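Below: a set of structures, written as structure tokens.
Both complexes shown next keep chain A, but they swap its partner, so chain B is in the first and chain C is in the second.
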Partner chain A sequence: MKPHPLRKLGFALILVLIAGPVLFPFVWMLASSFKTQVDIIAWPPRILFSPILENYRKVFQEQNFLKYFVNSSIVGVTSVAFSLLLGLPAAYSIARFRQKRLSVLILVARLMPGISFLMPWYIIFSRLKLMDSYTALILSHMLIALPIVVWIMSSYFETIPIEMEESAMVDGATRQRAFLSIILPVSSPGIVTAITLSFIFSWNNFMFSQVLSMEKTKTLPIAVYNFVSYAEVDWGAVMAAAVAIMAPAILLTMIFQKYVVKGLTMGAVKG
Partner chain B sequence: MRKLLTILLAVILVGMVSAQAKEVRVLLANHPYGELLKAAIPEYEAATGVKVNVESLQESQLTTKLTTEFATNSSTVDVFMTRPLQEGKMFYKNGWYEPLAGYDFSDYPESAMGIARFGAKPYLVPLVTEWQVLYYRKDLFKKAGLAVPKTFDDLEKAAKALKTADVAGFASRGKGAAAVTQLSSYIYNYGGRYLDKGKAVFDSKQALDAIRFYGKMLANYGPTGVTSMSWENIMPLFQAGKVAMWTDASVFYGQIVDPAKSQVAAADVGIANLPAGPKASNPFIVVSWGMAVARQSKNKALAMDFIKWATSKELAKKGLISNITMARNSAWADPEALAKANAELVASRSFAAKNGFPYDRPYMSAVGNARDLIGEVIIESINTAGASTKLETLAKDKVRAVNELLEDTGEFGVY
Partner chain C sequence: MRKSGILEHHLNVFFPLPAVAFVLVMMVFPVLYTLFLSFSNWNLTSGMPFALVGFRSYLRVLREPRFLAALGRTFSFTALALTAETLLGLGLALLLNRKFRGKGFMKLILLLPLVATPVAIGIVWNLFYDPTIGLANYVLSLFGLPRQAWVSGAASVIPALALVDIWQWTPMITLIVLAGLAGLSPEPYESARVDGATGLQIFFRITLPMIAPTLLTAMILRAIDALKTFDIIYAMTGGGPGYTSETLNVMAFKYSFEYFRMGQSSVILVFLFLLVLTLSALIMRLRRRFEL
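Moving on, here comes the complex of A and B:
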């Protein structure tokens, strides 16, 4: 049976109502990134304008955003990788051996306002001469990324029937082997979620990078403020920088989303 | 063997010290003067052989970074830009500024030095000053056959005549805490103050009259939604031609006459002194930025040498030529700089330097909190077009709260 045309219309209407407010700021941002300062502040807003690339030139040539991209990527990828390396076994152990106290302790690190870590970190890292180093940034981002991984994954591992490992171990696998070959592949949707969330956290983190980085390791969220001066904001360049920063994050999420869905169905059949 | 080790260690130590001694770490704000300095630093490095490590940060990031570094007592900052009115008192009380002995301050106006000194000693070099002005649209005034307002009464008449469905007759900051600085000159011109002898006094008759007038002007002739507007919102309106008169700091002049940013022709933008009030004509003139040496610096001699260069007469002149309103008197007397500067801007500066009051906010450590409290009184006044019957009670409440803040930091009654 074909859907009623009115129903189709209603669906479209609801779609616009929901997606419109969500997408509007993005459209505005994208449009503004191609506008001159005069066009950006024009009222009523100019729908038709002659697009310029000047803002992007400022972002990539004057301010060398590629350097900040590299910095953010190094910090994001490494901190997520180390968080997985430590967090996955920890989460497994918490799920299987019921280490509730440990998991609460890890949660406390997540619940504490990040700002309370800043001073101790600054003291430690400056004494160790690690200011303006990737190490300092990676360690600080792991403080948040690790609990994200542990919390998502421990509850995920709990949903996996223990019989799966037991049957593997009956067949002669060690617990480590069962974890690596059975549990991890089945958990890919959870792992992807943990990666996405912790990476986005690191990519967007402002507070830690602000204090622990200097010119050499400056990350993207800090660099955006290069366009905010005293009593003056270069809106076009800020918008262009925002587009440039969001693009990789959106792209990554879109790619990973596919795997999340795939992994979910796979898990459903096997589990 | 042991001897060898000792020698080796000594060599390394000496090496480290001498390597350190040739570097200064400088924290600048994202500010046109910071940009100017960054461009000039290679010359300084070439002339002195000192390596300058510069970082520029947005102003609130700068404060956060400085505060964190200084509070942990392990900062490596040598010289930094600082906002005297916003953080000066706190930085001084925490012992983060190094007193500047041996710096020649004779070229600075006395109002600026009042901010730079704590007790008898100066702790920071005034860099940039700004004062309150009236920006107005010459074309609209001409069309309406109006003269530039000289008093608050004129201001109201002009706002009424210039207001159309499309153009606000008058604008000034209405967003609570942000409006505190722009309201200040109105209070002074009515004969009031925020603080007097270390006590909050903005519940006086004079101050209340000023707050009512400010609220009435914005409610009747201001742009829609003015209670959520700071300069970030009003400047674009002015640039889009939607505002006939705007009172704010002189720092925005460059941007509203820049054809790349404004739709209003530069020839149509006028600058005048803030109109006189019933009691006085004392607009604020403040040191918005200064430069200081960090008490924790381990290279104080180098830092002093750098700050002398970075705040020199030559650079001040360069700054004024690129439209930065420098603090040094000599820049404003330099024929080359004056030839390039806007005559109305120069005239308003000389008026403010002579008659101005050196604070645009309650000058105290907890200035942020105090601004929030006063902001509530401003919002109430705007929302009721200055007619609120509760205004006096509200102001008295806030005066009490500000006095408590002063007591908390031991500044009550101290001046």
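Moving on, here comes the complex of A and C:
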């Protein structure tokens, strides 16, 4: 039986009613980033306007956003890489040796408020003269990335039949060899999920970088935040900055959509 | 027989060791250090010598009206956001739980708020909320309603901030519940239909009980994250106007990095992580109970 055309139309309307409010802030942000200050403060708000690129020029030339882009990328990529290095073997061990207590420790690391480590870090990194260093930022961002990696990968490794290592071990490989050359390659979907999510969360992190970074290592969220208080109400440029910071995370999400959904929902759903 | 080396024999120790060492140094040690500092009077600006003062910092913080207000506000913000997100999120999931063209695209749209940078989101919403040029007041004026102060008003700031949280995180509940619904077995539904059950009966007798563990876990995860909300509040209001949007997290941040009262900020942190730990324990119980 085919559904009634009116019901189909009704459902389409529901979809629009859901998607509209979700998308609207993004659309408004994008539109405002091409507006002049006059168009932005106009009342009633202007839907139609002649777009300009001036705001983006300001953000990238006057504010040197490229440098913060590079900083965010350095911190994100390095902390994710080290988190994989530490997290993959740990996740494997948790999955295969059923180390419940370890998985609880990692879960607690995921749930603890970041600020409860940040204050002691601030004291320690100051003493070690590591404020405004990539080292301090990368270490702090690893505490974001590592739990995500372990969390996602330990459930992923559980889905891989143990026969895979066993057959390699019968052929004379050590277990660590089997892990490296057999388990890791077949786990690439899980690894992609872990990389994408942990990079996005590092990219978006505000609190750690706000305290631990200064001019040299400043990351994008801090730059955007400072830009607001500094540029007061240059809304167009601020919106251009907001677009610039969100674009990479959104792009990654579009490319790896399936993985991102899986990674974000797996905490609560079995499997 | 193949000889197994020391590494292979103790793989269950060597493999997790680096990660565990990292977590111990970067998380467990700082938490213990915070606990230690909470019994001190340490203040980087006062010039007073460091001294252990027992529970005196606790008493000072507990007697501070600003702390009690922040504690209450943390709860009301969380309750407001969580209630709306659960009801809306569940509702949307039930609506979307069918086959239709463009379902993947719909899921992509729902993902966008979840991966968007919170600080930038906060700034965009500040433009909406701007009392003179903001869209929010324009929309109200279209309906003949009076202008609101939104995040600039003491009474409206928490609901206005909660609305941003609701916008950003309702999709999380929706996606989790959708994933849960996709895993339900169709049999109970078939027999219910044979018995002539109504839609409401099916929802309350079958869907809700079967989805309950998933929904509950999602709610607790969300509650923990809402209690910790920092970026949006700090970026949009900095805890203001006055202290009227200051939650525990924001207050602890200011005590640590603006006033440098390390002893007292440690006390606030201890309360914050007690709260989070209680909820985390609840999650673990649930996971064990339902074997999630």
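The rule is short, and it goes like this: the second predicted complex is superposed on the first by the 232 of 271 C-alpha atoms of A that agree within 3 Å, B and C clash if a C-alpha of one lies under 4 Å from a C-alpha of the other, contacts with A are read in each partner's own complex, and residues count from 1 in each chain.
In this section, a residue touches a chain if its C-beta (ideal position, glycine included) is under 8 Å from a C-beta of that chain, and two chains touch if they have at least 3 such contacts.
Everything numeric in this text was worked out from a predicted model, so none of it was measured.
Trainee: Looking at the overlay on chain A, is there a clash between chain B and chain C, or do the two fit?
Mentor: After superposition on chain A, chain B vs chain C: clash.
Trainee: In the overlaid three-chain picture, which partner chain does A:107 touch, first (chain B) or second (chain C), both, or neither?
Mentor: A:107 sits against chain C, while chain B stays out of touch.
Trainee: Chain A residues in contact: does chain B have more, or chain C?
Mentor: Of chain B and chain C, C contacts more residues of chain A.
Trainee: Looking at A:228 after the superposition, I want to know if it touches chain B, chain C, both of them or none. Which is it: first, second, both, neither?
Mentor: Both partners.
Trainee: Which holds for A:239: it touches chain B only (first), chain C only (second), both, or neither?
Mentor: second
Trainee: Touch check for A:21: first (chain B), second (chain C), both, or neither?
Mentor: second
Trainee: Scan A:94 for contacts with chain B and chain C and give back first, second, both or neither.
Mentor: Only chain C is touched by A:94; chain B is not.
Trainee: In the superposed arrangement, which partner chain does A:37 touch: chain B (first), chain C (second), both, or neither?
Mentor: first
Trainee: Would you find which stretch of chain C runs into chain B in the superposed arrangement, from 127-135, 163-171, 217-225 or 271-279?
Mentor: Of the stretches 127-135, 163-171, 217-225 or 271-279 of chain C, only 127-135 runs into chain B after superposition.
Trainee: Indicate the residue numbers of chain A shared between its chain B interface and its chain C interface, in ascending order.
Mentor: Chain A residues touching both partners: 41-43, 118-119, 122-123, 211, 225, 228.
Trainee: Enumerate the contact residues on chain B facing chain A in the complex.
Mentor: 29-32, 53-59, 61, 64-65, 68-69, 71-72, 74-76, 231-232, 236-237, 239-240, 242, 249, 251-252, 255, 260-263, 288-289
Trainee: Touching residues of chain A toward chain C in the complex: what are they?
Mentor: That would be residues 11, 14-15, 18-19, 21-23, 25-26, 28-29, 32, 40-45, 85-87, 89-90, 92-94, 96-97, 99, 102, 104-109, 111-124, 139-140, 142-143, 146, 150, 169, 172, 174-176, 200, 203-204, 206-207, 211, 220-221, 224-225, 228, 235, 238-239, 241-242, 245-246, 249-250, 252-254, 257, 260-261, 264-265, 267-271 of chain A.
Trainee: Can you check the complex and tell me which residues of chain C touch chain A?
Mentor: Listed in rising order, the residues of chain C that touch chain A are 2, 4-5, 7-8, 11-12, 14-16, 18-20, 22-23, 26-27, 29-31, 33-34, 37, 92, 95-96, 100, 102, 104, 106-121, 123-128, 132-133, 135, 138, 167, 171-172, 175-176, 178-180, 183, 214, 217-218, 221, 224, 227-228, 230-231, 234-235, 249, 252-253, 256-257, 262, 265-266, 269, 272-273, 276-277, 279-280, 283-284, 291-292.
Trainee: Which residues of chain A touch chain B once you look at their complex with the stated criterion?
Mentor: 36-38, 41-43, 118-119, 122-123, 126-127, 131, 210-211, 214-215, 222, 225-226, 228-233
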